[in-house]
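Quick one: structure below, then a few questions.
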Amino acid sequence: IGGMGDSDDDDEIKIGLLAYDPGSAPQGTAQQQAAELAVSDLNDDGGVLDEDVELLVADTQGSSSTASDRYLEFVVEENVDVTAGVFVTEVMTALMSDIADHQTVHMSGGHTSPTIAEMLADDYEQYKYQFRPYGNATRWIESISDLAAHMQEEEDWDQVAILCEEFEWTQSFTNALPDLLEDAGLEVVYNERYPADTENFTPLFDNIEGEDADAVVMAQAHSAGPAMIQWRDEEREFSICGQISQIVDPGSYEAFDGDNQYAISNAPAVHTADLSEHTTAFAERYNDEFDVYPNDAFSYATYDGIMMWAEVVEELGTTDSEEVVPALADASYVGTRGRIEFNDEDHEYPHDAKFGEDYLRRINFQWQEEDDGEGLQQVIHPEDLATSEYQEPEWF
Amino acid sequence: MVDIVGIAANTIILGSLYALIAVGFTLVFGVAGQANLAHGATITIGAFTAWFVAGWGGGVWIGLLAGTVAGAVFHVLLYQVFVRHIDDPINVLILTLLAWFVIEYSFRAGIGSEPRSVPSLLAGSTSIGSVSLLYNNLLIFVLSWVFIGALFVFVNHTKRGQAIIATSMNEKGAALVGIKTGDITLLTWGVAGLLAGSAGVLYGSFRAASYDMGMTPLVLAFAIVILGGIGSIRGSLVAAYIIGFLEVFTTSAISPRLSGMTALLVVVVVLLVRPTGLYGRELPA
Amino acid sequence: MLSVSDLSVSYGKVTALDGVDLDVPSGETIGVIGPNGAGKSTLVDTIGGFLDYEGSITYRGLEVSETDTPTLIENGLFYCTERRDLFGQMSVEQNLRLGSYLNDEGEDERLEEVFDLFPRLEERRSQEAESLSGGEQQMLSLGRGLMSDPEFLVLDEPSIGLAPVVLDDISEALTSIQELDVTILLCEQNLTFALEHADRLTLLENGTVQRSGTTAELQSDELVESYIGG
Amino acid sequence: MSTHTTQSAHDEAQTTDILRLEDVTKQFGNVTAVDNLSFSVSEREILGFIGPNGAGKSTTFDCVSGTMAPTDGEIYYRGENVTGVPQHALVEKGIARTYQTFRPLNDRTVLENIALSQMPNSLFSFADFRADTEQRAREICEQVGLGDVVDQTPDELPHAGMLRLEIGRALGTDPDLLLVDEPFAGLTSDEIDRTADLFTSLREGGMTLVVIDHNMHGLLDLVDRVIVISFGEKIAEGTPAEIRDDPTVQEAYLGGEI
Amino acid sequence: MTQVDLEPRYVVGIVCFIGLISAPFLLPILTLRQLTAALFLGMFAMSWDYVSGYTGQLSFGHSMFFGIGGYTAAVLNLELGLTPVLAILVGTIAAGIAGLAVGFPALRLEGPYLALITLIAPLVLVQIVNIFPGTLGGDAGLPSPAGLVSVDEPIGILSTIGFETVFVHETIVYYYLALALFLAIYALFYVFTRSYVGSIFTAIHEDEDAVRSVGINAAKFKVFAFTMSGTVGGLAGAAFVHTAGEPNPGEILSIVVSIEVVLVSILGGMGTITGPAAAGIVYYFVRDALQTSSLTIPVLDATVGHISMALFFAIALLVLFFLPKGALPWVTEWSRDILERRSQRSESPS
């Protein structure tokens, strides 16, 4: 079977990035910026395999058919050496068969559903070209449960609620998180899922308050806007933490007009956290370049993914995917958030990055207001990385 | 544990908001007979206008005014430039749908896909027993009743209001009694624009403004008008509260996962039993 | 009051009126008669401003093509069309009240007058117009027109579908309206009815005027006889 | 001569009723449009059905033709109880009707309007009906006097043309019983005569007709027998001559005129 | 020399047919692949037009049929290992049953009332899919089921005529599969709508009472229209997930798909079958061309690609506004005018 991604006959290294609405949506924009920075860093360093690196960017429009069309243009017409990006899980699921057909390495940068890794577990040979240098959402609940345990000590959190958008990636929050929390000595008093287009949180919050929860763990990617606004306006008597993708965006404080103040979210990194020796430097450089701090896995992981691939290729001396895949699977690379190593083929989630003290970690930050009125993402947990104390909402 | 007072309070607030969102749509669709799907866009325009104005330091109340006016201007333009030249109601429906998409995607390209918050019109809250009520929500309640009441009187008890209905039923007949049908329909669109624009501001302050915020209110408005029965403002009002109640009740007492679905399924069942909605008139043959 | 000169109207390729001249002096009743498809309804619709035409129609000095229908109505015109054009899902009373849209002074009294004329309508006052019987609809259409207190009536086949007794009533009503010096243009198929009311008659056929003259002159005209019969 | 026909038709009535109404009532809310109405129609008769405006004539047609079900009472067609049978099924049994307010299909020509009545009421039919139907439709157009305008659309037709179209479409279903609602409205006497001739020839061909109209000249000359209703109730029944002279009918319906 | 007098529209039809048949030899391979997807959009649009364009029973939720067909087939293949052909068959039947089920409310409900019911159906289905992410894949969709025919090895004949890789071969095979289905559906609908059935459908659109009054059971025909439309829509949906597409909400179930289908049909010309079929293809490529365009628009300082969706819908709006009956009827009329003028001109000298 002749793959197409391994052709080396052009004199440039080409990277194809599939981004969602770059220039408009924060996720796609972040991916594009990170990829640009990576490519310019590589070129400053003399390119890869002594060739210039070129970045191609395509908009997936969030649609799987568009993404597939653009992907094929990359691998069939442009003969790119590696692809990166993708944010919407639906798009990624659909793209997996194209990636398998065209056997070109893909360094993911945004989607978080465990299903993608499960596809590798089911049929490694077919899907092994996909790598996810930030793991999937099932691994984040440990970090969140640690935060809750910490808050139990510090702030007397005893009873927590769980509230998740109806998505595949939030399954672990609904199913596995309660056990972790109970193990840590907290009581889960409420656990519900809701459709992602929900806009009215009042009845939900009424119920959570009715259960006397001290905090709610939320897993949401779409509905943070109304949730934050109603939480604040209605002066709810509980804290919010969890995985709230929209407030991880460094630009969100402005977009939300500060409505996300006091909210806590889990994140792969924020620019204030010293996850590795590179984190802050990278974030500052990024900020100098684009006037915004890096956003979530979209920025950090896209950058790391490309750099890691380049390092492996440089070592191997070829971009041939059949050689790059095993090399990447074994590689160890220190990126902007720590050491990246991938789970092996027999793991439950092959090619997702490993988590742990020596590998990637997750942090919990809180949006706090600075004296100048600007918002800042302050790390409050884990303690060794904390940059600030937890602040209680002013209306408590 | 089902909190009856909470459910009642939330139903009243939500029902009022829905009623406010739906009345403008009812006026154009139910009364004047044109399905204006750009109603969704008007809501978005209202909300973002208020957000802009508030952002420039104009304050939300000026924002409310500006959003209301912007809604009316948009409607008047849409009607004068396009809709008045179209005879086929299906084409009106599709054209307004397209207009909505144009607006929606323009906002996405211009402002981005992240939600923006429109400040509350009134800060603070009061509490009745265990339930706390935001002043902003009370305002929504009051405003929606004022608007709907005014509309009800206008349509049923003024000549001009009757002329709107007459025009929708038989344009030639309306001309025969001296009604300037073009002006009347324009008036209808303008008034509906005012209502939708202000609904957009309130909706934005209750939730958030985003480029695709028009979808949910539009589906709701459509469902409300149909459930209430085309042509009946009273029907729309009752339907808005029914849908509000079903949503609140399902969320609080059954499961939030089913909240969107229950209301819609109830609409289906009601229609199968009463094909012209709760208070609907037969469609013209 | 109304003068039509060299009027031609066509629907696409079909020419419905061709060079029609007609004068309706103030206070008189002009009958327009003719077989089916002669162009009577077309004439009425054109006068009402619903169709494009060549030639000229002036009503009280207003050229119809430059005036919209409501303005003509404002100037005392009133039509009763062949298709009636009622407001289907409105009640009888609402239909009638809209008849005085431009002039609601004395509305209630006029409503009573219309009900006196057509007691059937009073019985059905809150029924939807659409569900009225054919004859009732015809009454409503006439009644709605009378609500505007018009000075010039254009009637397209008012006798159609009415029971003989009702026709008698309408005939009487028309006579009393005529006594008020209202100008009337009466398009009719029913010659008996037309002869009874018209001062002058115009016979249309295939869109052109065949005969025109006083009722007495035309009563014995053979062409009129042959088309309209007894 | 004409009295003779009437007489014989009347004699057979007992045995060969094609249609029989028994205590039919139709209410709309609290309006009783048809009130305990009973009458029967004999085979090959032309029955006049008259009454003041709003008497319930069209509504009676609605009930008989299956447009709407009566509130109460029974309708028998050829001895079979057909109360509440839907219209399309009644058409198959042989009952057709015309409407007082026209219902043309404005998107197609006169010929195609009439051809609709020739179409099979089944989803899959491979019979070679196309040429056939068109031929039959043309014949019907000729028969009702639309031969010259087959390619026009209904809105180009004058009033009389619409009427003919309405009759043509009903004829297309090959009915045995034809209910005609106000066929003379708006016609000149010349045209009335022609239409009446058509009805007579249809009867010669074996059809039974019930005709509603307010034009007494036209109607009374045509029909064999008349039924008069007022406020939904039968007030008189008899030959045209009898009806003309009936004082109740004169007062309720005819007025002083005739 | 004898001259065959073909009506121009048949000439156009034959040219298009030949063009479609020879497309693999004329188009770049990726364009061919897009054309495959575009053919499916055309099929979806035809299935809508058959019921809504002809009988006037507006459906705003036709994606329910594509979705039911596609999801049923995909789940049967993925979970139970049914062969694609069987899975497609069952999916088609399931969608047909859904069509039947929607047909019945259509007997009682009219116009906007019916439109709402059809709109609600896919909205609820999307939520159901989200509630059962395990079997239905939730928001993320299901992974691709097995291909209708699996092309793992290069195909001999195709290699000999110069097509190289397996990907190309697979694309060509799927293209012809889609084309065959497209033509079959087109022929089926064409035959039905040009027969008396089509004429009854349009009569129902005009005046249902008139239809009943000539002895035709309008209800039966309406239910039939929905059932057949659902069946064909389901077939297209099921075939789609086994060839060109993916079983996820955005492709075959979401309300956006329903709306697109309505748009395509109306822009192409409602009640023509040909119009929606052709418009489906044009729609796909116009949108794609706008999305990938990197032209900068001077005043706005944005690329066409960036505002492509707003631009795309603005164009659609103008098309609808100026051609209210849709593109096909306009083209037909316009060409008839030209032909008439030409024949007049050629007559006049003689």
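Lettered A, B, C, D and E in written order, each chain numbered from 1.
Just so it is clear, a contact is a pair of C-beta atoms (placed from the backbone, for glycine too) under 8 Å apart; a residue touches a chain by one contact, two chains touch by 3 or more.
For clarity, every value in this text was computed on a predicted model and none was experimentally measured.
Chemist: Which other chains touch subunit C while also touching subunit D?
Modeler: Intersection of subunit C and subunit D contact lists gives nothing.
Chemist: Let me spell it out: compute each chain's centre from its C-alpha atoms, then which one is farthest from subunit D's centre?
Modeler: Centroid comparison gives A as the farthest chain from subunit D.
Chemist: Going by the touch criterion at the top, tell me which pair is linked by more C-beta contacts: B-C or A-E.
Modeler: Answer to which pair has more contacts is A-E.
Chemist: Please compute the C-alpha centroid of subunit A, do the same for subunit B, then give the distance between them in whole Å.
Modeler: The mean C-alpha positions of subunit A and subunit B differ by 38 Å.
Chemist: Averaging only over C-alpha atoms, locate the centres of subunit B and subunit E and give their separation in whole Å.
Modeler: 33
Chemist: Could you put a whole-Å number on the gap between the CA centroids of subunit B and subunit D?
Modeler: Measuring from centre to centre gives 49 Å for this pair.
Chemist: Touching two or more other chains, which residues of subunit A qualify?
Modeler: 24, 166, 195
Chemist: For subunit B, jot down the residues that touch at least 2 other chains.
Modeler: If we look for residues of subunit B contacting two or more partner chains, we find 108-109, 257, 260, 285.
Chemist: What are the residues of subunit C that contact at least two other chains?
Modeler: As it turns out, subunit C has no residue touching two or more other chains.
Chemist: Can you give me every chain pair that touches, using the contact definition above?
Modeler: Contact pairs between chains: A-B, A-E, B-C, B-E, C-D, D-E.
Chemist: Sort out for me which residues of subunit D touch subunit E in the complex.
Modeler: The touching residues are 65, 67, 86-92, 96-97, 99, 103-108, 112, 115-117, 119-121, 123, 125, 129-130, 133, 169-170, 172-173.
Chemist: Name, in rising order, each residue of subunit E that touches subunit B in their complex.
Modeler: The touching residues are 58, 105, 108-113, 116-117, 119-120, 123-124, 127-128, 131, 207, 209, 259, 262-263, 266, 270, 302, 306-307, 309-310, 313-314, 316-317, 320-321, 324.
Chemist: Touching residues of subunit C toward subunit D in the complex: what are they?
Modeler: By the definition above, subunit C touches subunit D via 11, 14, 35-38, 41, 82, 120, 124, 127, 131-136, 138-139, 157, 160-168, 189, 227-230.
Chemist: Residues of subunit B touching subunit A in their complex?
Modeler: Listed in rising order, the residues of subunit B that touch subunit A are 1, 3, 6-7, 10, 13-14, 108-109, 112-117, 119-120, 125, 131-132, 134, 136, 206-208, 210, 215-216, 247-248, 251-252, 255-257, 259-260.
Chemist: Going by the contact rule set out above, which residues of subunit E touch subunit D in the complex?
Modeler: Residue list for subunit E touching subunit D: 196-197, 199-200, 202-203, 205-207, 209-218, 220-221, 224.
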